[in-house]
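I've put the structures underneath this note.
Both complexes below contain chain A, partnered by chain B and then by chain C.
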Partner chain A sequence: MPRLDIKKTYKLFIGGKFPRTESGRSYPIKDEKGGVVANLCLASRKDFRNAVVVARKAQAGWANMTAYNRGQILYRLAEMLETRRDAFTAEMQVLGLSKQQAKKEVDTSIDRLVYYAGWCDKYSALFSAVNPTATAHFNFSVHEPTGVVAAILPEESPLLGLISTLAPIIAGGNSVIVLASQMKAISAVSFGEVIQNSDVPSGVVNILTGEGQELLPHMASHLDVNALVIARSGVDLKELMVASENVKRLIHWSAISTEQDPYKILDTQEVKTTWHPVQESASSGGGY
Partner chain B sequence: MARLFCFPLVLPAMAVKDKSVELASVPVDLMGVNDRIARIKARSIKSEAKVAGLHMALSMIDLTTLEGSDTAQKVRQLCYKAIHPHDELEGIPTVAAVCVYPTMIRTAKEALKGSAVRVASVATYFPSGQSTLEQKLEETRFAITEGADEVDMVISRGRFLAGEYAYVLDEIKAVNALCKEHSVDLKVILETGELGSLDEVRKAADLALLADPTFIKTSTGKIAQAANMQVTLVMLEAISDHYDRTGIRVGMKPAGGISDAKTALHYLMMVKEVLGEDWLTHKRFRFGASRLANDILMQLRKQQTGLYQSPHYFSKD
Partner chain C sequence: MTKDWNLSAAPESTSHIQLQSEYGLFIGGKWIKPSDGSYFDTSNPATEKRIASIALAGKKDVDAAFKAADHAFDGWSSLSGAERGKYIFRIARIIQEKSREFAVIESMDGGKPIRESRDIDIPLAAAHFFYYAGWADKLDYVFPGRKMRPLGVAAQIIPWNFPLLMAAWKIAPALACGNTVVLKPAETTSLTALKLAEVIDEAGLPPGVVNIITGDGATGALMTAHPTPKKLAFTGSTEVGKQIYKAAIQGGKKVTLELGGKAANIIFDDAPIDAAVEGIINGIYFNQGHVCCAGSRLFVQETVYDEVLAKLKRRMDSLIVGDPMDKNTDIGAINSKAQLKTIERYLKLGSEEGAEIYQPACNLPEKGYWCKPTLFTNVAQSNRIAQEEIFGPVLAIQTFRTIEEVIEKANNTPYGLSAGVWTDKGSKIFQLTKELKAGVVWANTYNKFDPTSPFGGFKESGFGREGGIHGLEAYLSFD
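What follows is the complex of A and B.
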């Protein structure tokens, strides 16, 4: 007897939960032949606002975890994705990728997660500095997460584009709200399930689906978002600067959106420089 | 007005020393309460009405700090916030009162001098209330002498749960008499989170109302289960019935756990629906809260600028 397919309802991923958009809107994703593959949530500015609230709550706890622990969790993401290779490959084939392309996309994504997992407890050692001074002081420059980051993902490369943007941002202790590829977003939504199974604290990663044009102005103008990563080509940056009334970092990755690079971690870091007197305990007794 | 609870109450109106008070049981329809609240929460207020509602909610806040770690400077800072909630916003009201422990009244009075913001003090061995009547009266007297405009007392929940209603009522009456004598407003905290059920909340509210305090109040804010819309609705209904019976308008103060502007607006809708316009004033309705003020201010700024705000740009009390 033929079995009835159980279709997945693709929803948003906000604060470790899978809510529908508060707006109740949706849009269809189509395959090559024009058949509807799935209906996705058309996220509204209020969904984005809700995501910022949970991302802000989660950020400090994530940043205060040890770098080693963050690395373990990123590695766990890779493990979880590995066990679901076939499912992700099949899903991307529905979107029109060849089996070869889909496999490569998934495998590269897994390797990329391992790559950034490794960087978690190393970038700070490599890029921090002890700076020269002319007085009896130490002067250090160290990296700290920027905070809450919003990112708009590339339109192509549904999974690798997500991972290559997400991983360097969270590896450095930021929380993130990503707006997935508009027409190929189902892989991103499915990746929410991987995140939920990997000890990533709720709210650290939030995934929205919808229209870039509608949401970008709100991503740019929200005062509680510290950085905006543009990993999609064809976005007018000037327009976004006008929209922001605040001092927000605007980071442009569209040319390197699917590449791996430790400097991508630094893009969402702030450098904190601090002075510390050299202790002369024997002679001065002061020094502090 | 359609009511959910229309049970007439027959209660002895005088203080009953050493006799048990017979409280008519007013059963609360939990499904009805939840349904009504669900309907209120489904509504949304927009634009000018929202701004007006937010202004009203702000003017009804008792800005509260009740910590063992309170210092004079922290209280002064809170008082500054009470008078200047957010100077970037023009034409916003001050909050209604600052609520502190008795030892901080003098500091608060000094800091609020010249403003309309009142000083409320908790008393009667807040938050547990585990003490004798003499000591509770002594603490209330101290708060009044220090200059409190309002006193927030706690009822003896243990006695109430043991069925010693007369004892609890006499206690409230004694504290109320002392406050009235000095024209100080009394709020009676039921600590609904310790009462177990909405039926008991209604009973405690009816009991407290027998003493005609200025306000009845849900919670101390010191236990996990603080104010929610359910207990507030039940207490508002009790106030409504009390008004129908006596013509006396007692105020209401939900406290603790109300931290966002949207919820505050829902409370105001509920007040307007159950009690009407007469209660939409800080003289008859208050929010006991500390985080709520900032969320209201953020919403007001959002209405003004069209931009979502960050808590970083608002003072932390």
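What follows is the complex of A and C.
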């Protein structure tokens, strides 16, 4: 008699835990033959708000880690994903990707994590500035994380869209709440398990599943979300106009799955400039 | 300290300025009358006397300005960076040559002390053009690995507190990056922007590269809703900024916003107190407090509170309030009657909320709009005078004990434009500059500006930077 397999329950990933949606709602993900692969959580506004609370709590600690440390943790994510290559590949094939497509999706995701891991302690040196003011001041500009970032992921990509969006946001010291691809979300939820095993502090990455149409207005309007990354095509601009009411940064990443560059890190950074007088004993006007 | 002496009046001469009694719109390199013949008056806030009539641009005029800018874009953007830069260098030089005329007109039209317009606004405006002129042929070095293009036509709307300087902040980087612009100065301070149009004409810029139109908020709304501009740049109130942001999202336009602030100026007990008191004065009373980055919330460590307050009041007593054209004047006229009313409303509110008001005894001129330098003590974090931007010479003082407490209080605002820190301890400075959520942090100094230094805010103070290498990104699109 064949063994009856154990099916995984796919839940949300909030604050390092895997809760069900508080709404108790779900939606089915089906395979090509129409069989139900999983019933995913249909996350609610309340789930999103809960995720923002933990993301805010986690952000300062993550930003205050050394850049070297953040780089190692992103690299650790790559290591953890590498050890689960086969599992992720198999999971994506259930969603209808060919074995080759699935392997490419996983391998590119791993390499992308390594790419951004390396940037953690380099982008600030490349894009900061010491500014030669015309007065006797030492003046420098550095990048700082904008804070809590929400992101809506591409619909078509199960994993690479998630990694390509997530990595530059957290590499720069932000915390993030992502809304996964609606119909290919199982890989994103499984990636929560990778995060949990990778020394990423709880709350830095939070993964929701559900409907963009329902959650996007809340992502745009939430007063404690500093930036919203739109990495999904076809998003209605009208849904986002509410972002103007709290001057939320809106960032459009149209081809995130195929692109990688340090400018993605800068997109969720703020430039801070510091001035201090320089004492000049030979002339007046220096000092304080 | 009661003042038993007075400085003799030292008024700046106005004999060498050239002003017309009526100004049209500068569109496509020509001076054009407004299509429906509407004008409004601009007056001197220190005397309430009319200076000139200014064209009120309507829909047809806004259309014409964008058409001219759009028409000029291909030619301007295909010029080599070096050639574009040379035009911008010319603008810088001509402003320097006419600096005294600009300074006098700026003070007449806006009410700021001549010492500030002469030593800060006008030299910085020229420096800004000079700085960005040099970037025009060096853009390839700014964004390694990236291909860039100018955006197209930029719609730029500027405030009344630093009229020429804000025009320079907007126009210089836009032109350096190959864009053409339509700029609208604020309703109460159009004159130096119109004089800048004359400079641009004299510099020989191709017609339509810079268009300057005048008008009120309705003209501004026509600009932001217009389909032609690919970029909206705004400096002004957070309230209007949010409307402009909405228009930008709707129109899919790139946008930079430099909005309000409620900056914390923090004095630790190990600070050089005399220098800090000067920094407090400069932080809040510079330009009558009409400064988005004004240090309007003062936090003093408890152990030095009495000393700081006594010295601060003594220094306030010596401030000279009055004729903006007098070289001795520290605090000039409030920019408009409407703004004076706003400030007076907050003065009343502060007292009603239980805060204690202090103003030095000084005589104010009979005509014009004036506000004495003001401070409030006994202020609670929840008081509206400690939360809302007043945009006047009004300081709200609070005390603190620990560094953690003051960081928490300083950051507890929707704004995040600037902050000040006064301490002799380097590691404390760096802790503060790291943890304060503000785009500009002045340590042991305040209200310093430079074209090489990026300016702009966190949170509801806006986004995008103006000035420095980081100011270029706002006027480019990337492949």
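By our rule, the second predicted complex is superposed on the first by the 271 of 288 C-alpha atoms of A that agree within 3 Å, B and C clash if a C-alpha of one lies under 4 Å from a C-alpha of the other, contacts with A are read in each partner's own complex, and residues count from 1 in each chain.
We adopt the following convention: contacts are C-beta pairs under 8 Å (C-beta built on N, C-alpha and C of every residue); 3 or more make two chains touch, one makes a residue touch a chain.
In this text, all values refer to a predicted model and were calculated from it rather than measured experimentally.
Partners chain B and chain C fit side by side in the overlay (superposition on chain A). Of the two partner chains, chain C is the only one that A:141 touches; chain B does not reach it.
More residues of chain A are touched by C (comparison of chain B with chain C).
Rounded in steps of 10, the angle chain B-chain A-chain C defined by Cα centres in the superposition reads 80°. With both structures placed on the common chain, the touch criterion links A:221 to chain B but leaves chain C unconnected. By the document's definition of touching, neither partner reaches A:197: not chain B, not chain C.
In the superposed pair of complexes, A:93 makes contact with neither chain B nor chain C. Applying the stated contact rule after C-alpha superposition, one finds that A:52 touches chain B and leaves chain C untouched.
Between chain B and chain C, the minimal CA-CA distance in the chain A superposition rounds to 5 Å.
Within chain A, the residues touched by chain B in the first complex and by chain C in the second are 245-246. The residues of chain C lying in touch with chain A in their complex are 127, 143-146, 238, 241-243, 245-246, 249-250, 252, 257, 259, 272, 275, 414, 429, 433-434, 438-445, 448, 450, 452-456, 458-463, 465, 468-470, 478.
Chain B meets chain A in the complex at residues 305-313.
Chain contact summary for the complex, chain A toward chain B: residues 49, 52, 56, 218, 221-224, 245-246.
In the complex of the two chains, the chain A residues touching chain C come out as 126, 129, 131-135, 137, 139, 141, 144, 146, 226, 237-238, 240-241, 243-247, 249-250, 261, 263, 270-277, 288.
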